[in-house]
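Structure first, then comments.
First chain written, first letter: the chains are A, B and C, and each begins at residue 1.
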Amino acid sequence: MKKYTNIKDISNLQETIKEAILLKMNPFEFSDLGKHKTLVMLFFNASLRTRLSTEKAAKNLGMNVMILNVNDAWNLEFEDGTIMNANTSEHIKEAAQVISQYADVIAVRAFPSLTDKQKDESEFVMNSFVKHATVPIINMESATAHPLQALADAITITELTEKPKPKVVLSWAPHPKALPQAVANSFVEMMQNMDVDLTITHPEGYELSEAITKNTTINHNQEDALKDADFVYVKNWSNYKDYGKVLNQDENWMMTKSKLGKAKFMHCLPVRRNVVVEDAVLDSEQSVVMQQANNRTFSAQIVLKQILEDL
Amino acid sequence: MKKYTNIKDISNLQETIKEAILLKMNPFEFSDLGKHKTLVMLFFNASLRTRLSTEKAAKNLGMNVMILNVNDAWNLEFEDGTIMNANTSEHIKEAAQVISQYADVIAVRAFPSLTDKQKDESEFVMNSFVKHATVPIINMESATAHPLQALADAITITELTEKPKPKVVLSWAPHPKALPQAVANSFVEMMQNMDVDLTITHPEGYELSEAITKNTTINHNQEDALKDADFVYVKNWSNYKDYGKVLNQDENWMMTKSKLGKAKFMHCLPVRRNVVVEDAVLDSEQSVVMQQANNRTFSAQIVLKQILEDL
Amino acid sequence: MKKYTNIKDISNLQETIKEAILLKMNPFEFSDLGKHKTLVMLFFNASLRTRLSTEKAAKNLGMNVMILNVNDAWNLEFEDGTIMNANTSEHIKEAAQVISQYADVIAVRAFPSLTDKQKDESEFVMNSFVKHATVPIINMESATAHPLQALADAITITELTEKPKPKVVLSWAPHPKALPQAVANSFVEMMQNMDVDLTITHPEGYELSEAITKNTTINHNQEDALKDADFVYVKNWSNYKDYGKVLNQDENWMMTKSKLGKAKFMHCLPVRRNVVVEDAVLDSEQSVVMQQANNRTFSAQIVLKQILEDL
């Protein structure tokens, strides 16, 4: 693997998922592979799970890890040709090349503005790193994608499914704050590459980008969409058409035990209890959110392993 | 050891102190014990000594260490059943369980509010981690206790005492800011478990919790209390009865060379010079604060060692 | 080496540079030298390159690294005899001694105020650590010096020079913010110790300290100064006489391709594009800023190596 900024970077998904499940059984099997190799993790935004699981994964492979909260340093410039006499102190051209000299792999987290749709969709932070860095880049959640989460979700569904082609439903949920579409986007793209029957349900007007959803079934009737589901992935995203707005906080879209039926409940976390999903779901045996979070280590570890093998 | 949130978690104090003193002579003797084990250190509050000494201790044992300043991520919810539509983004139930999957041991620092006595005394942060985490929890100073400091203090007194039952005095000192009772509480509890003659001295009205002091001698006359002391532990705490208030800044309670007599001077640090204690004391041979600070590494290391041995 | 706070601490510069170039070819040759040794890195100010390259260097030598952003803890007191009843919580005497007990080497970054010339020139932060710490101190940029950068620059010039005594020009550049003189100072002092022909050019009134420049050629005519240069080091500094002021932002002092001639372009980074230097220079083959940044790892590594060998 040459980089992992998008799930399309995985060449053989089924093989990768299987290998991740094997890693999980023996996490230290390749603890020499990363010897004298350094992962630099760059955070433009806060992180708990992604930070700890990715650091853990790298150390399981014997890598050194260096972490920088970029905002603790200074603002980076991403535009070409700018006269940098204002708030930015260093151009991404220099920053990415310099960090590449201290790193064998760079992992980046950079959320969208949710105010400038075109700029967010250009993935200017992640793509600038890909363009200017001279080492592989891993996406730890960017403006439009969260491929490490999606891979962990694919591992989780693979581990848990009891039938060949399970029904998977992505169900929008209310949330008081404007959240990115990144998790939903990558989950949809991942499911489109797996042998599942995918349905998306959300209020009218909350369509994700058509470039993502393509011909996936969209059903605005949540009850109908959830019928006979095997896995229900609940997630809020802010409006995509009226970009970044919170136009709907309808509590009726919260996931409940009765709506869930016999399905497994999935969420990427952090989750707001009794807003996105009621306690009864999270505290039940049907919730697999801990397994998803645990698999974050192994999605990062399999990606790092494949990158290290291709260095 | 299954956890270390309170000095009561030590089953054999004398043995533990002796073993810590042995570790200090040979810090890398057990440098394979922590192989492939991870300590996650979570800070809700600032730290210098605790952070560095605990990280050092873990690495002496060969552990991996991952550090998270929780406030750099987001606010955690600790109440059950809340509708989380306000400032908290993740419930401790999820956070503690998730982090447990990335950690073999979790260490937590979480100071009291000093405004809500009942909530502070409930130790809701530390106890929530104990309740919801699935790995051992270490207290790096909580609302009401600082057991790693107290263990370092016990080690120091054991190393230095020249008589079987030394006289130890805990002497309150003035301070401009409201400080927790945690260090004083744990020191008192630790001394109650050692073969020492303990006296507490403070201005009237500055009593610590009776649940802590029990039948320990309290003397409001500092001069009288300090008489023939072998060890004088100086520490400010804010008022416990009129909870968290700074009701007294009487400079006469500052520790001086003349008051100290021939006793050893102890303090947990950081210390405000010429407010809590005069320069002449800190700069004298009688001050053992550096030895206390050094023993922080070995108090953390013996606790981690005992926990690792019981995993 | 007993410390590295100033380039004067290098006893044999030519030998040290040669050894650094050897290290660069085989960075892991001494990966056992730092076993069970700990570098504590203390940041009073932001850092990207210095932080990552110094951490990398230490790990290349097998050291443990612990990093503390001091401002995340609390304010340190540097004055002797103060009654510490205001904003400072711990005296440097205690802090430096305590950290020395957890570290084998301490690296410190502490920028100048640029408002109090006398205090900045006293190097009170760096010198307080040297005075009170009991382990070697490394300067990761102080009020008046940046010796790790200067050593990286010396390595770079040594690697690249095609003649015995190259002409090196330090050329001031405009900048919207008040920057320290530290990089310029250490570069000048380093070049004075190398077999180069050094010229400094800057607007009248922007003289560096005479204690630094001594009898080095200063030419206020930039075009004339740059004539036949082999290496041009561009750097802004705020006014030294009218201390810390930005009195000149004359764009004509920006480095351009035509001014540069056939010289190599050097800068310590971060650099503001099209303010300090135009894009055409940075994006050309003549720019060696990436080589300088890469050599930061090996300047730190050779310093750490020499310190470890003398422990």
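By definition in this document, contacts are C-beta pairs under 8 Å (C-beta built on N, C-alpha and C of every residue); 3 or more make two chains touch, one makes a residue touch a chain.
If you're wondering where the values come from, they're calculated on a predicted model, not measured in any experiment.
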| item | value |
| --- | --- |
| Same vs different contact residues, chain A with chain C, by half of numbers used | different |
| Fitting chain A to chain B on CA atoms, where both chains share a sequence, rotation angle to nearest 5 degrees | 120 |
| Whole-Å separation of chain centres (CA-atom averages), chain A against chain C | 39 |
| Where chain C touches two or more other chains, by residue | none |
| Contact footprint of chain C on chain A as seen in their complex | 36, 38, 40, 64, 66, 68, 72-74, 77, 80-86, 88-91, 93-95, 97-99, 101-103 |
| Partner chain B, residues of chain A touching it in the complex | 27-28, 31, 46-49, 51-53, 55-56, 59-60, 69, 176, 269-275, 279, 282-283, 289-290, 293-294, 297 |
